C-alpha cells in the first residue's frame, strides 16, 4: 500500500448513469471514492455526486458545472460520456476528467479507465466450469456491447478451459434496468438445466434473486461484491477497485500529469480482484483453488492472454 | 425436450401476464368511464415500493398488498381530482402522474430503505393434488395466489361491467356523459370511482412485481410495464377477455423469445426481444374489427350543459 | 312516484352565459292537466329556461315553486324526485346501449349491484302499450331511426314516472303521422293529470296541442296567453315581432332540360342492406323536386351517393348527362353540386372551427381564397364578412366557433356557403328542421331565389307543408324506390301520407 | 381595452404562480423528508439557471429538441391522433441522419446539414407513418402502436450502433461501447455562443415552429389536416380523404421528432450514442400541450420546460438530494399547471374570480 501525501484538499465530482445504491457499476465507483475519502479524511477529499444522468445531454451540463465550480477531478462514470468530455475538457485545462469504460484520451486532461472485465470473467468462468454438474452454464446479459461482451467472452473462455463439454448459454434482456426480465431469463436458464449462472449490469440483482430461490444454484457476479443479496447463492464476484484508480489519478496530478492516460483495471495491477463469499467459499475444493490460482498467476504473468476475438 | 420447451414457455408466461392483466383491467375501467390514465406506470411503481416497504418492515405480504392498493387509491384520487374536478387534459396529466410516481418511489426508496435488499414475499404454491398432475399441474396449479386473483378478475370485471347497475352507469358515462347526467347519474362521481378502482388495481399490479415476482424493489422496477398495460387495453378493445388474451399473447411471446435465446437457437437477440411488441401490433392489425366503438367520450372532460 | 304537481311556478328566472343574457327575469306558471307551449326564435332562451327547471343550469336569480312550496332543483336527479321529466332537444341517448339499458339508466338511481333488465323491459312494454309507442326494447340506439329514437326519449321519461313533462322540440324529427300520434298522446297524458311544457317551432302543432302559450324573445317573456285566442299567423307575429309569410312558389317552372338524372341506382346502407334498390329520378334546371318519405327509406343514402360520400353498386347518376357516380366528393363538388346535409352540426359544419373557416369549407382551395395552396387571409376575411351580412348570420364576429351558434344560424352558415358557390344542382336535406319560422322563411326564400336562377334543387323533407309550399314536383320515396311522383297541383297531404306509408293506390288501401 | 389586457395578464400570471406554488409546496414536504432545506433548493432551481450564460444556454439546448418534438405532437393532436411514439421516432431519425453524415463526411456543411436533417425527417416520418397507416387502414389504435414501436425502435437503434454502425475504434480497442464514429465537422451545427453548447439548432427549431404555424393555419393542406382532425364526417363531406390525412399527420409528426434526433446528433453529441432521445419524446407531449397545441405557444413552452429540466438538475447538485426528487417535483408542477388551465377555459369561473379580485367590473363582459 503506497499512501499519498495529500497536502491540499482534492475535490472530486462524480456523474453516474444510475444510482449510488444500484449494487453494481455506479455503486462500486461511488464506494471506491468513499473509501479514498475514509482513508485520507474528509478534510482532504471532498465528494459530490450527480445521479441518474444516463443521458449524455444532462450529464454534459453537470460536468461543465462541476468543472467551473473548480473541482479537481470530474469523473463521468460511463462510456456514453466520452464525446461530452471531449468537448468540455479543453475549456478547463487544469481539471482532470475521467470516464470509462473507454480508451480514448483526446485531450491531455482526460483519463480513460478501462476494466479488463474479461480477466476476472475468465477466473469466474473457471469456477463455473468446475462447479457445474449439468454442464450447462447460463449468462444473463443486458445489451450485447461494451463490458458485457468482454465479460461474456472471458467467462466462456474460462469455462471451456477447464470443462470443454460444458455449454455456455447467453441470453440478453435488451436493456440494463429490467430486473424482472433479468430474473425471468435466469429462471429460464435454470429450467433449461443451467446450475451455474452469471451476468452483468445492475439488473442482474433480479436474476440473482431468482437464482437464490432454487436449490443448489450458484451465481458469479460482476462489477462488485453482490453476496449481500443472496449469501447462499453468490459464490464469488469480480470487483473493480476504483479506489485504486482514484488514488492513481490523484498521484498523477501530484506529478503534474492531469490526464492523457489510459488506465486499465487488471488482475496484474490489482485494480481488479475476485472477492469470495466467505459463507460459500468452502464449496471450492483445494484442487479447484489450485487451478484458479494457477490461472490467475498465468494471466498476471501474461502467459494466458484472454483474447477478445 | 421439445415438450419441456413448450411447458417452460407457458408456465413462465402465465404468471407474467398477471401484473399486466391487473393493471390492464384497471385501466379498462378508467377508460370505459371516459378517462385515459397514462399514469399507470407511476402508480405501479408506488404500489411496488409501498408494498415492498410494508413487507420489509412488518413482514406480512397481505398487509403489503393492502398498502399497495391503498397507495394506488391515493394516486388515483389525485388523478381524479386533476382530470375530473379540474378537467385537465388527460394525456398530460397521466405523464405528470407517471413522473410523480417514479420520482416519489425512488426518493422514498432512498430515504427509507437506501439500498437493494430482498424479502421473502409471496411464493408460488402448489395445489394439493392438482399441482401433481404432470403437465397441467406445472402450468396451471403452481403459481402464486395473485395470478389466480388476476385471472379471476377477468370474468368478475366482465360481470360488473355488463351485468350490474354500476357497470351500466360506467358504460353510459364513458359514451355519452351528457345523457347520463340528464338521467340523474353523477357522472363525476362514477369517473372518480373508476379512476380510483383502476389505480388500486395498478397499485396491486406494482406490488405483484416487487412482492410476488422479484422479491426486491429497485428504482424503476416496472420498466415500462405500465405503458404496455395501457396499450393492451386497446388491444382488448375495452373488453376484459380481449385484454386477457392480449396480456397472455404478450407475456407468452416474451417467454418464447427468452427460451429461444436460452436454448441457443441462433437468431439475433434484438429480433428476439422485439417479437412480443411486433406480435401484439400484427395480431391486432389482422384481428377482426369489433362492433363496439369504444368509449366515445374517452379523453373528454365532462362539462354540464356544453354541447361539444 | 312523486306527488302530483298541481301547480308549478318559475319566478324571476335570470340565467346568464358569458356574453349572453339567456333568460331575463322570466315568470311562468303551469297547472296540472295543462299543456303550455313555449315559443321563441332560435336562441330566445327556451332550452335554457327548461334546463334551469330540470336542474341542468343554476339560475343567477329566481325561485321555483311546486304546489306553492319553494324547491331547489340543482340536478336532474332532484328534478326526477319532484316528478319532472324532460325530452331534450338534442337526443340524450347512449348509442351503444340498448333501449332497455338506456331506460334502466334512469331507473337504477343509486343502486350498485342489482340490475333487473327484465323488469325494465316489462315497464317499457306497459308504457308502449298504454300510449301506443312501439319500439323494440332490445335494439341498440345506433340502429334506430331518428323517429324511433324520439319515441325512446318519450318512453324514457314516461317510464321514469314524470308527471310534469318538458318536451324540447320533440317533433323536429318526426313524420307527420308520428307527430299526429304524439299530439294525441300528449292530450291523453294531460287528461290523466300530467302537465306538459311543449317547445316547437311548428305553430300548427302548437295550436293543435296547447292550452296556453308563452313567447320568449332575446331571453325575455314577451307574451303569455290562451292559445285559442290566436291563429297560426298571429302566433308567428308574436314570436318574431313581425308578420311572417311562408313563401310559396307562384309561377310554374318552365322545367326545360334535365340537370340531374338518377337511373336505376342500387346502393348499400350502413346496415349492409340495399338502401337504394333501383331508384330513378330526374331533376330539371330551375325546378325544385321534393323527396317525401318516412326517414330511413333511403333519403340519407340518396343524398350521400349523389355527393360521392358513399358508393353505388349499380346504376347511373348523370349531371348534365355526364356520369358522376362514384366520383370522389371533391370532383363532384367541383362539378357544381351543392349539398345541405341533414346533420348540420357535424357534417355541414366543423363545430370547433370559426364561422369564417366554415364559410370557406368548400372553396378554401380555389382562387381567389387561396393561391398556390396559400390561404389569402385578407380576401377570406372580406368574403366571410360579406356572406355574414348578406345572409345575416347572427354571431359576435366571424371568429366565433360554430359550436356556439344556434342551429338556425348554423343553417344560415351552410346556406351562405352552398348558395354563394352558384351550384348547378343543390341537394337540401331537412333544411328547416329545428329552425324558427323566421329562419325557415328565410331558407325557403333563398331556395326559391336559387330556383329562379335556374338551379335544380332536390329537397328532402318530412314536412309536407314545406314540400307543398315550394316544390314543383314531389317524389315519394319508399324502401329505396321512388313510389310515385306527383305534380304540385295534384299533390295533397292525404295522398302523400298514404304513399309515404307505402300504399300505392287508394283502392287497395280501403 | 388596454386596461382589460393588463388585468387579463395579471390574472393569468396570478393563476400560474398559485399553481406552481402549490406544486412546490408539496415538493417541499418531499425535500424535508429527504432532509434538505426546500427554500435553498428552490432558490437554486429557479435562479441559478437564469443567472448567467451557462444556465441560459443550457436551457435553450434542451428547448431545441423539445420544440421540434412538441411541434410534431401538435400536428398529430390537431389531426386527432395521440402520438406517444416520440421516443422511437427520435431514435430512428437520429440514426438516419447519422448514417448520411457518416457516408458523405466531405460534403460542405451547407449541403451536408440539410441532407442530414432531411434524412432524419424521413426516418422519423417512416416510424410515425407506420402508426398512422395502421390506424387509418387497419384501425390499429395509435396509442398501442406508438408505445410498441418505441420499444422496437430502441432495439433497432441499439443494434445499429453496437453492430453495423459502431465506431471502428471501439472494436479495435475492444471497448465495444455502443456508439457510432464521430461525425466530420461538416455535420456539426455551429455553436452560436462560444464556450457553451448552444448551437444553431435552436434557430432551426424556431424557424420550423413559424413554418408549422404558417402550414397549419395559412395553407390549404393545413386546413384539410385540421378539418380531418376536428370533424372527420365534415371533412369527408367537403371531399377530404380523411385516411390519407391521418397518415400525413403522423408522417409529419414523426418527421419532426426525427429532426429532434438530428439536432441532438449534429448539435450536441456529434455522433449517435446510447439514450440520445433523453425522454424528449414524452416531455415533448407536455410541451405541446402547455403550448396549447399552437406552434407559437410551443416556443415559450419548450423554454419553460427546459428551465424545469436544467433547474431541477442544478438543484440536485447544489443541495444534494436523490435525483428522483427532481422527477417527482417536475411531475407535480405538470399536474398543477394542467389543473390550472380550467381557470382560463371556464369563462364563467374566470369572470367570478376576476370580479372578486377587482380586476374587472361585473358589468363589462369578457370575450376571450
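Miscellaneous remarks
As written, the chain order gives the labels A, B, C and D, with residue 1 at the start of each chain.
Convention: contacts are C-beta pairs under 8 Å (C-beta built on N, C-alpha and C of every residue); 3 or more make two chains touch, one makes a residue touch a chain.
The structure presented is a predicted model; accordingly, all values stated were derived computationally and were not measured.
The interface with the greater number of C-beta contacts, when A-B is set against B-D, is B-D. Our note on geometry: chain A versus chain D, Cα centroid distance of 36 Å, whole angstroms.
With centres set at the average Cα position, the gap from chain A to chain C is 76 Å. Rounded to whole angstrom, the centroid-to-centroid distance between chain B and chain D, based on C-alpha atoms, equals 28 Å.
Listed for chain B are residues 106, 110, 219, 270, 273, each touching two or more other chains.
Residue positions of chain C touching 2 or more other chains: 351-352.
Of all residues in chain A, those touching 2 or more other chains are 19, 144, 174-175, listed in ascending order. Every pair of chains in contact is given here: A-B, A-D, B-C, B-D, C-D. Residues of chain A that touch chain D in their complex: 19, 48-58, 60-62, 64-66, 68, 79-80, 82-84, 87, 91, 101-104, 114, 143-147, 149-150, 174-175, 308. Chain contact summary for the complex, chain B toward chain D: residues 38, 42, 78, 81-82, 86-89, 91-93, 95-111, 219, 224, 227-228, 230-232, 234-235, 268, 270, 273-274, 277-278, 280-281, 284-285, 289, 303.
Considering their complex, residues 51, 54, 56-57, 75-77, 79-80, 86, 88, 90-97, 101-102, 104-106, 108-109, 111-115, 156, 345, 351-352, 403-404 of chain C touch chain B. Per the touch definition, chain B reaches chain A in the complex via residues 4, 8, 12, 16, 106, 110, 114-118, 123, 209, 213-216, 218-221, 223, 225, 254-255, 258-259, 261-264, 269-270, 273. On the chain D side of its complex with chain C, the touching residues are 217-221, 223, 226-227, 230-231, 233-241, 347-348, 351, 365-367.
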